[in-house]
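In what follows, a structure is listed as C-alpha cells, so that the remarks can point back to it.
Per-chain residue numbering starts at 1, and chain names A, B, C, D and E are given in the order in which the chains are listed.
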Amino acid sequence: MDVISAGIAQAFRLILSGDQEIVGIIGLSLFVSFSSVILSTCLGMPVGILLGTHSFRGKGVVLRIIYTFMSLPPVIAGLTVFLILMRRGPLGYLQLNYTPTAMIIAQICLVTPIIIGLIYNLVREKAPVVNRLGITLGAGRLEIMFLMIREMRIGLTAAVVSGFGRAISEVGAVMIVGGNIKGKTRVMTTYITELKSMGDYSRAIAIGIVLLIIAFVINAILYNFQEREGK
Amino acid sequence: MDVISAGIAQAFRLILSGDQEIVGIIGLSLFVSFSSVILSTCLGMPVGILLGTHSFRGKGVVLRIIYTFMSLPPVIAGLTVFLILMRRGPLGYLQLNYTPTAMIIAQICLVTPIIIGLIYNLVREKAPVVNRLGITLGAGRLEIMFLMIREMRIGLTAAVVSGFGRAISEVGAVMIVGGNIKGKTRVMTTYITELKSMGDYSRAIAIGIVLLIIAFVINAILYNFQEREGK
Amino acid sequence: GGGEAEAPEAPEAEGPSEIQGKIILATTTSTKDSGLLDYILPEFTYQTGWEVDVISVGSGEAMAMGEAGEADVLLVHSPKDEAAFVEKGHADADGRFDVMYNDFVIVGPADDPAGVKAAAASDAIAAFTAIMEKEATFISRGDNSGTHKKELSIWEKAGLQPAGEWYVEAAAGMGDVITMADEKMGYTIADRATWLAVGGNTQLQIVSEKNPSGILNNQYGVICVNPEKNELINADGAKAFQNWILSAETQELIGTFGTEEFGAPLFTPNAAK
Amino acid sequence: MELEIRKLVRDYGTKRVLDLESVTIEKGTRTAIIGPNGAGKSTLLNIVSRIDVATEGEVVYESEDPRLVTQVFQQPYMLRTSVERNIQYPLRLRNWPEEGMKKRSNELMEDLGLLDLRHQKAWKLSGGETQKVALARALSFQPSLLLLDEPTANIDPATTAEIEEMLLKINREEGTTILFVTHNLAQARRVCNRLLFLDKGKLVESGDCQEILQNPKEEKTRRFIAGELLI
Amino acid sequence: MELEIRKLVRDYGTKRVLDLESVTIEKGTRTAIIGPNGAGKSTLLNIVSRIDVATEGEVVYESEDPRLVTQVFQQPYMLRTSVERNIQYPLRLRNWPEEGMKKRSNELMEDLGLLDLRHQKAWKLSGGETQKVALARALSFQPSLLLLDEPTANIDPATTAEIEEMLLKINREEGTTILFVTHNLAQARRVCNRLLFLDKGKLVESGDCQEILQNPKEEKTRRFIAGELLI
C-alpha cells in the first residue's frame, strides 16, 4: 500500500516537473492512440452503420467474426503485424517495424473490430427509424449516413471512447511492433511494463495514474460535449 | 508469412492432438475469464441500469470516472491487485497471489467498468420508456430491473461479450498476479507471451488462433441465442 | 568465435559525427533494464553517427530475430545457443566475440530454510542440491532465457532432475520471478544486475554467489547477423557497433558502469584482445 | 374521492407546462381531459400515474396501493414478446396462476379482436393494433383508476365504438374511475360525465361534461368547442 | 397519372399483409385510404414511399425523381435538434440558401401555430405538437406526392380544421397529389375526392370518395361505414 500511495504522490510530482522525457512519452502515447482511434473510426463507423442498417446474405457470419475479433489478444495483433512488416515479410521494404506507424497499424487491428461491434449494436435499433425518415425527406445514402452519425452522436462518442480506452491502455501490440525504444517508440504502457520489470513499482503506478488522469481529462471533454448536445 | 501459415497449421494440429497441457491452459483461461465476466456482470449490470435510469447529484462525475476506468491499463490493474494481495500487503493473509482467484479479481477490475459503461450507454435511451411502462403496470424496483434486462437482452449480451473479449485477450493483469506458473496459473495469453519471448512465433500464433476459435464458438452460441430471440 | 580483433578506428574527438542511419540491436532485458546501454550507447552514436534501436527481448527471441534477419547485431548471454547460431551460419564471417560478463546469484528467503548460506555460500551445485533435498520452494524462469538455460545447466551438472510441488516453473521476466520468490518465500537464480535493481524491495538475500569454478558467470557475446539474410540488414553499422563495443575505450567504459549507484561495477569487460 | 390534485405545478427548465388549481376526481367518475395540443394533458396524466413528479403540489390518492393505478400511453411501448404475453405481463407480476392468466387474456383478446394476433411479435403490430394491445394489458388486472391518453386515436370506427362500450361497461360493473384524454369531443360526450378543460397548463373549466360541452362558461372553452364545428 | 400500383404483394414471413390488384392514382387527386386496423394501409404507404419493398409487383411513378415523394408517419421521428431545424432539414438537403430556409420554415410554423416552439427540443414535444412538426417538415420542400398516415389523429379540433384547410390549399395551388390514411370518415369526406377501401390486405373497393361513402357497393365497406354510425 505504501507503494500505491508513493505512486500517487510521485504521479503528481511527475506531472508538475514537466520532465522532458515523460512529456515525450505521453505525447507519443496520445499521438499513437489518437491516430489509431481516428483511423479505426473512419473505417469502423461506416461499416458499423451499414451493418446496422442493411441486411445481406452472410451477415450473421460477418458479425460473428467481428465479435470474435473483439477478443483478439494484443500480443497476437502485434505479432501478426510484426510478421507482415518484418524485413522478410511481404511489406518489409517499407521498413515500418519499430516505428510509431507500425504501432498505429497494430492498434487499428485491435480497435476497429471494437468500434464496429459497439456501433453496430448501438445503431441496430434506432437506425431503421432514422433511415426511413432520411429516405422520405430525400436524403441520399451518404446524407443518411451523416444523419445517423448526428442523431446517435452520444452513443457513437461512447463507442469511440471505448476504442480509445482500449488503445491507450494496451501494451502487448505496441511493445512488439514498437519495441519500446527510448525516445522513439516508448509510450506510457510500454514504459510502465519496463518500470515494473525493473521493480520500480511506485514509478510504474505513477505513470499509470498519469495515464488515467489523461484519460479522465479526455473523457471529461467528450462528456461535456455530450452534455451540451444531449438531454 | 510462412510463420503465420505455419501457425495456422499448427493451431489445428494442437486442437486435434488434445495435448493435456494445452487443454489445461485453455480450461483455465475459460474458467478465469468466465468467472470474472460473470462476477463483473453481476456487479456492473445493475449499476449500469441504475445509472441509465436514475438521476442524482454527481452522476456526471461518476460517469466520467467509469469511462476513465475503461482505459485502465491491465498492467496497472494487475500491479495494484498484486500490491494489495502481496504477503506484506493489507490482504496478504489470504495468500491469494499466484492463484486463479487473484487473476479473477484483477480481471474484474478491468471488465466491470467496461460493462457498466457499455450498459449505461445502451440503457440510457430506451430505459425511460421501459421504466414508465413497468411503473404503470405495477412492477417493483427489482421487477423493473428484470424487465430492462429482458427487453434489452440483445444489447446487454453484446456488452457482456465485449467484456469477455477483454478478459480472455488480456495478458498484463493475469501475468502479474498469476505469474504464468506452469500447470497452475498459465493461461492462453500468458502462454502466448512466453512463446513469443522464446522466439517461437508460430506456436504463439497457433495458440492465438485457438483463442480466437474459442471466442468465435462462444460468440456463435450467444449470437444464435440472440437470433432466436431477436428480430 | 573467431579471435580477430581489429583496432577500432578512433574517431576524431572534435565533434559528433553526422547521423548516417540506424542499426537494430536485439539484446536481453538485463543489459537494458540495468541501464548499461543507456550509459554507453550515446557515446557510440556520437562517435560513429549510427543510431541504435535497442529491442530488449529474451535471449531466445533475440536469436530468433537474428535468425530471421530482423536485427543487425545481437548482444546476448546464452553461449551454447550462440555457438549453435554461429555454426548454422546465421552470423557474419567474423562470428561471435566475448564482450563482458557479470554473474548469477542464488537468492533465497531471509531465514534460508534450506540452510544454503551456511552449507554452500559459494557452491552453486551444492546449493541446488540442498534446496532439492529440503524441497524448499524454487522458482524457475522456465522460459528458455539465458538465465533459465544457466539454471538447467547447474541442475544437469548436479545430476538432478527437479520436479514436484516445490519446483515452480513460472515463465516470466527476471524481475517478476524475483518478486515471486519473495512472495512465495522461495529460492531462485538471478543475474546480478537485475538482482541489484529489484532485490532491494524484497526480503530476499543472496545465499550463494561467486562460485570459484566460474559456473555462475554470465558471459555476454556480440554477434553481427549474416548480412546475406536480406538486403535491409545494416552490415556496416553492425560491424561498427561490434568493433566499438570491443574497443579498449568502450571496454573501459563498461567497467565503470554501476560504481556510482551500487559501489561496484555491474559488468566485467573481457573482450578478447 | 378517488384522488385529489393539489395545486400542481410542473416546470421543464424555465418552461411552466402545468399550473393547476386543486381538483378532486370522485370515485367511479369518467372524466374527459380536453384542450389544445401542448396544454399539459399528458403531463397531468403522467404525474397522476407517478411516472413524472410535480415541481410543486401533490396528488393525494384514496388508496395507498400504487398498483391500482394504470395508464395507456399515447405511443404505447410493446414488450419484446408476443401479444398474449404482453397482455399477461401485469398478471405475471401479480403472481396469477397460469390458468387464470390464460382465461383473462383470452377474454380481453376476444373483446378487442386480437385473438388472431395472439402469437405475433407485439412490437411489429400496426398502429391501431398496438393501441389495442396496450389497452388490453392495462385492463387485465382490473385497476381501480385507469388513465387513458387518446386511446382510440389510431383505431378504426367500429373498434372505437367497441372500446367505448367496454370502458362504459368496466366503469359500470367494476366502478373503475376513468381519466380520459381525447381530442374527439363527440367521444367525450359519449363516454364521460365529468370534464376538465386545460389550456397552456391552466385549468380553464371543470364540471359536468355534457353541460360544459353545451354551455361552456369560459370564452376559451367556447372557442375550442367551436373549433370542432369547423371540421 | 401520378403513380400506378401494379399487383402489389407484401409478405412478412408467412403472413400476407398486402395483396392488392392494380390501381392508378391520378395526378392532383386527394385519395383517402380507409380500412380496419391491420388492413395494410401503412404498409401500402411505406411501399409507395420506397421505405419498404414489395414481395411481388411494383409501383410505377410518373416522375423519376424519388425526392418528390414524402411521407408523414403515424409515429413521427423527430431529429435531435430544434423544431425549426427539423423543419429546415429537407431544405438543407436541397442546399437552399439560409435566407430561403428561414422564410419557408417561418411560413409553415406560422400556419401550424408552432412559432412559439421554434427553439424547443423537437423530441420533447407533446404528441400533437410532434405531428404538426412532422407535417411542416414534409411540406417544406413542396413535394409532388404527399403520403399522410393519420396525420391529425393526435391533433386538437381547431388545428385539425386548419390542417385540412392547408392540405386542400396546397392541392389546389400546387397540384400536390395526396394519399391520406385516416380512420375519420368525416375527414375523408371533407378532404378527399378519391377513396381506396382496404381490408385484410385486399383492395375491397375504390372510386369516388363521396359516392362510396354514401353508397358503398361492397358489403364489407357498407359494414365499415355503418361502424362509424355506432359512435
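Everything that follows uses one rule, which is that a residue touches a chain if its C-beta (ideal position, glycine included) is under 8 Å from a C-beta of that chain, and two chains touch if they have at least 3 such contacts.
Remember, it's a predicted structure, so these values are computed and weren't measured experimentally.
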Number of hops, chain A to chain D, where each hop joins two touching chains: 2
Chain hops separating chain E from chain C, counting only touching neighbours: 2
Label of the chain whose CA centroid is most distant from the centroid of chain E: C
Longest centre-to-centre distance from chain A, chain (CA-based): D
Chain D and chain E: spacing of chain centres that average the CA atoms, whole Å: 27
CA centroid of chain A to CA centroid of chain C, Å: 36
Averaged-CA centre spacing for the pair chain B and chain A, given as whole angstrom: 18
Approximate Å spacing (C-alpha centroids) for the pair chain B, chain D: 46
Residues of chain A touching at least two other chains: 196, 201
In chain E, residues with contacts to at least two other chains: none
Touching two or more other chains - residues of chain C: 176
Touching pairs - complete list by chain label: A-B, A-C, A-E, B-C, B-D, D-E
Of all residues in chain A, those that touch chain B in their complex: 1, 3-4, 60, 63-65, 67-76, 79-80, 83-84, 89-90, 114, 117-118, 121-122, 124-126, 154-155, 158-159, 161-162, 164-166, 168-172, 176, 188-189, 192-193, 196, 201, 204-205, 208, 211-212, 215-216, 219-220, 223, 227
Chain C-facing residues of chain A, complex: 86-88, 92-93, 95, 97-98, 179-182, 184, 194, 196-199, 201
Residue ranges of chain D in contact with chain B within the complex: 46, 49-51, 66-67, 69-71, 73, 77, 79-80, 89-90, 93-94, 137-138, 141, 147
Complex contacts: residues of chain B adjacent to chain D: 129-133, 135-139, 143, 147, 150-151, 229-230
Interfacial residue positions of chain D with respect to chain E in the complex: 12, 35-38, 41-42, 74-75, 117, 124-129, 132, 149-150, 153-161, 164, 183, 185-187, 190, 223-224, 227-228, 230-231
